[in-house]
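Each in structure tokens, the structures are laid out below.
Paired with chain B in one complex and with chain C in the other, chain A is shared by the two complexes that follow.
For the complex of A and B:
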């Protein structure tokens, strides 16, 4: 078996929040209560779980944007907090929806700017950006301002941005949120193509069908804990056995069964 | 090489997009004109030197200061709202270089606003403008620009850490007008406050500009020039230090995102 490209061990994260305007009361939120998982090179790994489960927190830690409160998070064997400079050039991420772009700039200018801050040599940029724009199907509208783009177009531009530095791992947090079925299918095909090129993809989604079609393995996370981690078939089988049913459930049924189980820990 | 490219890209992106925002446009176009008018009226009856110092340069410097204050705070905040802060924060080139580019981009507009208020006051009031030592003036303006870039940089570092930075920014804007001798002579302030003013680099820049207007030699301004350079370097070092600090702190405290 190959060595894991991502290793997460006993990972915890708490947030300190202030409630109330005057009498600022402090409240500690335990977003991750000690999770463990590994992702292998070339895998499409899904993180499923209800809102507030801790999916985004996990991705933020792995993308070096957030410090763990305790435990380990390693990418390429490097600590996500402490050795981030070794990780950043080799990964990229998209956080859901239409943000993370400059709406007042054209699609082309967005990519040029990001290419500069990703330290891609100017000589390589023109060809690379043209290729990416063609790949995601935005070449004809590249000079239009992003604010005139549809949701699906913005999402495609995000993908082009995330591919600029030819990352080995791509983190996608709810990438298909708000996309129409056609755009969602295009996105699915792109993710699959990335994996076929050997890239590792870690994604979160609320769409079970998408997860079922794409993910090699899935971790189901609830209240900051991983409650199941297996292949799609494995998850379905487990639920089938637990329910003593003769019929194989679909992933959605299995998921709902899993997250409504009483909390074990 | 690619780091310099990224700083330039960030500066030119900032230069191009910031002027599209109504608030910033007011800051670099509206405010110099208004300040020029107001200060021109106030100093109309005063000597040519006072008029030059406080109406012509006072309006320019104060608007430059406003645009630095305003932009260094709101730029970081805006990126947070766009959701781009995380992307530029973790970009391989290094967040501090991208921010430096932004401040430089804004400062180019700041220099423009000095020119604008200068022209407005000169054209409208038709007063004799006195510049005793042009080369010293240029040195002063150049150093002042560098030093405001350093201040903006320092602020931006602090603003990455805090989501409430806007309040702080508004809090800083006016005291500097008062403390640094931009709108009236520093000597009018009580001694205790005056000594505090020397921690702020605009004070030193204003001194140099005043000496230049009154025709002093480069040599006689050397103390202030050295002082300004030293303070600017201190600001710069502090800013870099803070950028190292925030790299850890904003990930521990989760301040990169809107929440």
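For the complex of A and C:
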């Protein structure tokens, strides 16, 4: 087997929060309680789990936007906190929702701006940006301000933005949230196409069908712990055996069974 | 060749887009009302109050001070709010994770504000010529322009420090207002520095615009710029120091935010 492109070992993250206005009480939230997993080049790796499970925290750490409290998070063999300069040019990410774009600029100007931020040579920019706009289907509306875009269009623009630096790994945190079925399918096709081009994708989602269709392997995370990690078939088989059922469950049934199990740790 | 020109083009485009995307200019109308109208009204008001308090023989002095100090508006509310605006757009993380996350992120952001600041002063001066008997001999305009450029540069560089503080603070509005007040009050625009309490006077000397206001008044009174080059160099030097402090602060606070998990609002 190839060497992993992402390695996570005993990764923990706690947040310190303050409650109350005057009598500030400090509270420690344990978002990740020591998780381990590896992702291999070219894989579409899914991270599934209920709200608050720790998915976004994991992605933030791997994208160098959050430091681990303890344990290891390595991308391309480099520490996500401490060696982030070696990682950043080679990855990109999308956090779900409509933010993370400049609404007052046109779609085209958004891409030009980020192309400059990524120091892409001017000579290459025009062709690259046009190609990306065509690829995500925004070429005809490229001169409209982003504030006039629908959710689906904004999400497509995010994807174009995330591909500007031709990243080797793309992190997608709930990319399909709020998309209509057509837009969600387009997104799915794009993710698959990325993987076929050899890109590694790490994805979180609440849509089981999407995960089932896309992911090569899935980690189920709950309360900051990974409670299962396997291929879709593997997860289904495990649940089938645990339930002593003769029928193969679908991923949704399997997922619900897994996260409602009492903590195994 | 492209290796040399690309960074320059990038610099200008980053500056323009950052200005367009964060500063509240949606239309010419809005620009005239908010970005020009409000500061100019304030200039008129403060000049008239100062004139009432100090007597009318030196109204031009207070007018000049209040015109030059107008750059504070772009510095504080334009440059100073950039990073917290990026934070609320959700774009800050994209910038931080990009290869342009230091000087090359911050510096272009001052560009259009520097010119916007000068434009505001310039229109202020025209108003002064109409209402306050402000007349500058032709040969002094070039020197005046140079001083205004230095003033606007150092004010915007100062704004970068505020912008970086905005990364760590949830109460940026309070800071913006306190700093605005200090610029209006301590730079000599509205109050003679020599009459400020002694422990405050050194603070005035560390503020942007203080030197430029003195310089502009001197130019108006006929002292050539060549006799006050130390003030001009002082203002430019301060600007450079502000830039360095602003960028270092940005780096430090970014790292701290990554550690404490507050790079984003959510």
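Basically, the second predicted complex is superposed on the first by the 265 of 265 C-alpha atoms of A that agree within 3 Å, B and C clash if a C-alpha of one lies under 4 Å from a C-alpha of the other, contacts with A are read in each partner's own complex, and residues count from 1 in each chain.
Methods note: a residue touches a chain if its C-beta (ideal position, glycine included) is under 8 Å from a C-beta of that chain, and two chains touch if they have at least 3 such contacts.
Note that the structure is predicted; figures quoted are calculated from it, not measured.
Colleague: Identify whether chain B and chain C fit side by side or clash on chain A in the overlaid structures.
Modeller: clash
Colleague: For A:207, is the partner it touches chain B (first), chain C (second), both, or none of the two (neither)?
Modeller: Touch partners of A:207: none, neither chain B nor chain C.
Colleague: Once the structures are superposed on A, label A:123 by its partner contacts, choosing first (chain B), second (chain C), both or neither.
Modeller: A:123: touches chain C, not chain B.
Colleague: Identify the partner contact of A:40: answer first if only chain B is touched, second if only chain C is, both if each is, neither if none is.
Modeller: Neither partner.
Colleague: Looking at the overlay, what does A:78 touch: chain B (first), chain C (second), both, or neither?
Modeller: neither
Colleague: Based on the A-chain superposition described above, do chain B and chain C contact any of the same residues on chain A, and if so which?
Modeller: Common interface on chain A, chain B vs chain C: 15-16, 60, 63-67, 81, 84, 88-89, 93, 95, 99-105, 109, 112-114, 116-119, 121-122, 161.
Colleague: For the complex, which residues does chain A have touching chain C?
Modeller: Within the complex, chain A contacts chain C at residues 13, 15-16, 60, 63-67, 81, 84, 88-89, 91, 93, 95, 97, 99-105, 109, 112-114, 116-119, 121-123, 161.
Colleague: How about chain A: which of its residues touch chain B in the complex?
Modeller: 15-16, 60, 63-67, 81, 84, 88-89, 93, 95, 99-105, 109, 112-114, 116-122, 161, 165
Colleague: Across the complex, what residues on chain B touch chain A?
Modeller: 2-3, 5-6, 8-10, 13, 17, 20, 82-84, 86-93, 98, 248, 251-254, 256-257
Colleague: Enumerate the contact residues on chain C facing chain A in the complex.
Modeller: 2, 5-6, 9-10, 13-14, 17, 20-21, 26, 89-91, 93-100, 105, 258-261, 263-264
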